[in-house]
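Each of the next two complexes has chain A plus one other chain: chain B in the first, chain C in the second.
Now for the complex of A and B:
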């Protein structure tokens, strides 16, 4: 699609170089650990060495003797303020600091406040905690055993380790299809517990002003406005009301969903600042980040597909066990405990489907974040694509052919899926065709057959996914009751330059550039003249933040709508300046002209100046607008990825020869940035496919708690990704865009199988 | 704890400080000299966000003591641009979209700068090997490789190719 605007205006479709880059490239970013305030103190955290046990005693005497250590905060101290517990985003509860029991290894046990980073660490080493260990529950299947100890004894009425049961679809109708189907295939798989491992860890700087009763928190959060509200709800009783709380989310060194939750460290730092009346900084180290912060995935799935003898899919049935650790601390919309897992019917038309998820508590860290993923969509895609491969193998068809024969045809959109979604648009065959052409699919299959005949191993993987992004329409989507709209406020200054503020928060996605391009597209102002700001709750309009690829579908749309309001006003001003009626005006990006007399024109900048200097009678001065955008539906981007690997039969080493990714995310705002997002998602899919997993021994000891053991792919393992795209606009988004950024689409077939063989005795 | 006088020259400017024996070089740079472009990502010498040049050699400053750097010439990201603007490598990162969140970027730039000083025309494999001690979670490395290639071409006086458009 050719851009509609000139290179000078740089609206949608231009690969504009990023406006944020010069500061990042010259060491002038402002990340959380770069902030310093006068009199600032440091928080460091004592953490549990055991997965489950009673706290017998905490002795802080030696710590308090250390030069520079000012205080040690324990659960008992917070209990005096009723701040020792906090709610999770999923209406569960979680300890800030324990008063009597630790529930997972690396859990926060006490906070040491000191005058320097080093003194705080010395204090942590000197705090003596006596534990009485108990036998932890680590295996989620064993957590369901009748004789398993009940872990959440703090919760009234909790009689076992079940958290919730979720299901979608018509079970009876689905079962009937399975009973009569020609072919049924079944596979058990585990999408392992992994970690976002953003290169910047989490942290905050809490600054309570005891004179004003005002709290400013600089923190690594993807959702600053929601955090402010949660803080007011949790700490209102100690005087922190919402107008006295300012949350500032500065430059963030990668989020990927891991910087949505509220971690105890933030709360301890805030409590310490309130108690001591001084600024308190807390910065995690990598071990704390990996061992205590929210994990992602950890879905044990038992999937079945029913088909006719030709491989036409008739029904899908999935039974899932979700290990949530000590608390359900997911970051998901409140009414969707299993996220958007019901997208699991994917790109294929079928008669019916039924999916269920049971969530359990174990003695592992809490979490379940939407890591590069729109709330469990990755789990759903993984499950479906693997079982579809199994079906292809069973009926003896090429995996690409079988997918094509089951695709929802492009004429069928808007398509109503068996599990209740209305897909907005799609052309799955086009993406498949492009991916096959780019990689030379038929030639590869021939080569593979020849190699296999010679005993060599070569694998070809195909995946045709459909996602669901842009949470979301407020009738269904909220977090703790707050509707999941998002917002934009655009102000055009008299000289025709603008500032635009949004309720989201970039963590590397390049919002300062792409949002400026959206405003440029709609107003015809050069994107270079539009300054974008996010992350300061005192200045930005309220929004739910950036995760799950929701920014373009929600805040991006809000930006377009706000800009259109301004354009409507500019048209009134242009008519006044040109002495014609509005109906007599033509609009080209940046210019109003008189119909039939194109030389009679005014620019958007002329209109902006007139908005402050020469208004038509009765028109309100100024040129600004705000929009809170509540999307009518979600968006459903899709694509086909094909991968070729060579495997050394002797060593088992897998080398990725080529990986082609064809994505369709609707209309594209900045092709360069979209491609970059896809590169990153692919690499974060490669990680768990081959290297990454957060593992525990039977005592609940974390076995992958540093970058020595948690293997993030380096440039050597990562292949040179090849990308392509098709464009199927969203019919309901103001810009026809769908969103991008959640693309970790990789299988991990062999290892999962081995794991499941050991599981099968406990899973019916 | 013993205190030591340490003198380092950072980006051409000499600094002397009295420091604890245990002070890490990265904390000297960030906390004492207020050069916060150098980042901390892992504490175990794996991620490379803290990479600086010590006498021209890429060094992970989170596992080097400040006293070990006494007398050294240290280069950080703040010293890459000069009055003429950003270095060829910084420009390459911008042109080829070699950064997203920007957190690993200073380390990548320092490693890349040292690579290009030692090898003016590195192959893709040589670039990937050189930056394999610097982790990036956002970019998938493809565009970082291109950024180094861009800089090599520009420094060689060749006509640097523009950003390759998405196909």
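Now for the complex of A and C:
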């Protein structure tokens, strides 16, 4: 689609260079650790070396003797203020600091406050904690055994380790189809526990002003407004009320869902600042970040597909066990404990489906964040695409052909999925055709057959996914009761420049550029003249933040709607300036002209100046608008990815020869940024496919707690991604956009290698 | 972690056995080990410090012996609490002495060691190596002591 605006205006469709990059590339970004305040103290945290056990004694004597160490905060200290527990975003509870029991390795046990980072670290080493270890529950399946010890004895009425049971679909109808189907295939799979491993770890600088009773928290959070409200709700009893709390989320070095939850470190820093009346900074080191912060995935899925003998899918059945660790500290919408896992019927039309998830407690860190995907969508896509491959293998069809024969046809949209979603739009065959053409699919299959005949191994992986983004419509979506709308406030200055503030928070996605382009598209102001601000709760309108690929579908739409309100007002002013009626005006981005007399025109900048200097009678001065956008539906982007790998039969080494990714995220705001998002998502999908997994031994020791053991792909391991796109606009989004934060679509290692193996033997 | 070691000592089996069940002598022969207090006939308090790669792992705790004199077999249970957040260590070890000749005995050691915390995380790749080295040093000291005696 050719851009509607000129390169000067740089609205949608232009690959505008990112406005934030000059400061990032020159090392002038403002990350949390760049903030320093006079008299600032440091917090460092004593963490549990064991996965489960009683705390017999905490001896702080030696720590307090260290020069520069001012205080050691323990659970008992916080208990005096009733701040030793906190709620999670899923209405579970979680310790801030323990008073008697530790529940996972690397759990926070005490906080040391000192005048320097070094003194704080020395203090941590000098705190002597005596533990009485207990046998931990590490395996989530064993957690459900009758004789498994109940871990959450702190929770009244909790008689086992089950957190919740969730299900979707018609079980009986689905079972009936399975009973009579020609073909049933089944596969068990584990999408392993992984970590977002963002470049910047978590941290905060809490600054409580005891004179004014005002708290400012600079913090690495993807959802500053929600954090402010949660702080007011949990600390209201110690005098923190919402108008006296300011949360500032500065530049963030990667979030990926990992900076949505509230970690104990934030709360300890805030408590320390309130108790001591001084600013307190806390910055995690890498091992703390990997070992204690929220994980992603960890779904054990048992999937079955029922089909007729030709491979036409009739029904899907999935039973899942979700390992949530010590607490359900996911960041998912309240009514969706298993996230949007029910998107698991994906791109395929079928008669019925049934999915269930049981969540359990184990002695591992809590979490379950939406890492580089909408809530639990990666898990759903992985599950479905794997089992569909198994079906193709079983009925002896090419995996691409089998997918095509099962696609929801483009005429069927809006499509109602068996698990209750209304897909907005889609043309799955178009994405498949493009991917096949780009990679030369038929030639590759021929080559594969020849290689197989010679005993060489070559694998071709195909995936046609459908996602669900943009949470979400307020009738269904909330977090702790707060509806999941998002917001924008646009203010045009007299000289025709603008500031736009949003309730979301970029962590590297380029909001300062894409949002400016959205305003430019709607108002015709050059995007270069639109300053975008996010993350300061004192100035930005209220919003639920940036995660799960929701920013463009929600706040982006709010920006467009606010800009349209301003354009409507500008039209009144233009009519006044041109002395015609509003109906006689034509609009081209940036210019109102008189119908039939295009040389009689005024610019949007002229209108802005007049809004402050020369108003029509009765019109309110100024030029600004706010919009809180409550999306009518979610968006359903899709795509087809094809991957070619060569496997060395002698060493088992897998090398990715080519990877073609065709995405359809609706109308595109900035093609360069979208491509960058897809490159990042693919690389973060490659990680768990070949390198990354957060593993534990039977004692609950984290075995991947540093970058020595937790391998993230670098530029060396990353293949040259080939991207393409098709455009199927969302009919309900004001800009037709669908969002693109998420794309990790990769098969799993070992088993996937087996799969490639199997396919190369069977398929050619 | 499972540790299995077998070595021969040029000394009578009874002498080797007497050495192995004397905590003070064993501690003296093991670099980094010390016995600080005798709690009762079979239980002692002590400490152990060992360097594993970049980590200085230091533990204090107890060691308990259960002797089977007839078979010259000793079951040892050592439990330690790490210093500076090092985590805990727990070792169950069985050592037995078999006479190979009048002046030669074979010692078999089978131990199950479990550690938590940073030693388990970062040290596990090195622990087998460290354990081998410690046994080698211990065997040398044992050999010298018994030869001298």
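In the analysis below, the second predicted complex is superposed on the first by the 748 of 764 C-alpha atoms of A that agree within 3 Å, B and C clash if a C-alpha of one lies under 4 Å from a C-alpha of the other, contacts with A are read in each partner's own complex, and residues count from 1 in each chain.
FYI, a residue touches a chain if its C-beta (ideal position, glycine included) is under 8 Å from a C-beta of that chain, and two chains touch if they have at least 3 such contacts.
For clarity, every value in this text was computed on a predicted model and none was experimentally measured.
On the shared subunit chain A, the superposed partners chain B and chain C are arranged side by side without overlap. Touch criterion met: A:50 reaches chain C, while chain B stays clear of it.
Of the two partner chains placed by the overlay, chain B and chain C both lie in contact with A:706. By the document's definition of touching, of the two partners only chain B reaches A:672; chain C does not. More residues of chain A lie in contact with B than with the other chain of the pair chain B and chain C.
With chain A used for the fit, chain A forms the apex of an angle whose arms reach the C-alpha centres of chain B and chain C; rounded to a multiple of 10, it measures 70°. Contacts of A:238 after superposition: neither chain B nor chain C is touched. Once both complexes are placed on a shared chain A, the shortest Cα to Cα gap between chain B and chain C comes to 12 Å. Across the superposed pair, chain B and chain C both touch chain A at residues 706, 708.
Partner chain A is touched in their complex by these residues of chain B: 20, 22-23, 27, 30-31, 35-44, 46-47, 49, 76-78, 80-81, 86, 90, 93-95, 97, 99-106, 109, 124, 127-129, 131-145, 163, 165-167. Interface residues of chain A facing chain B in the complex, by the touch rule stated above, are 15, 17-18, 20-29, 31, 33-34, 117-118, 196-201, 251-256, 285-287, 507-510, 671-677, 679-680, 682-684, 706-708, 712, 714-716, 718, 720-721, 723-725.
For chain C in complex with chain A, the touching residues are 81-88, 90, 114-118, 120-122, 124. Interface residues of chain A facing chain C in the complex, by the touch rule stated above, are 46-47, 49-51, 105, 124-131, 133, 697, 699-703, 705-706, 708-709.
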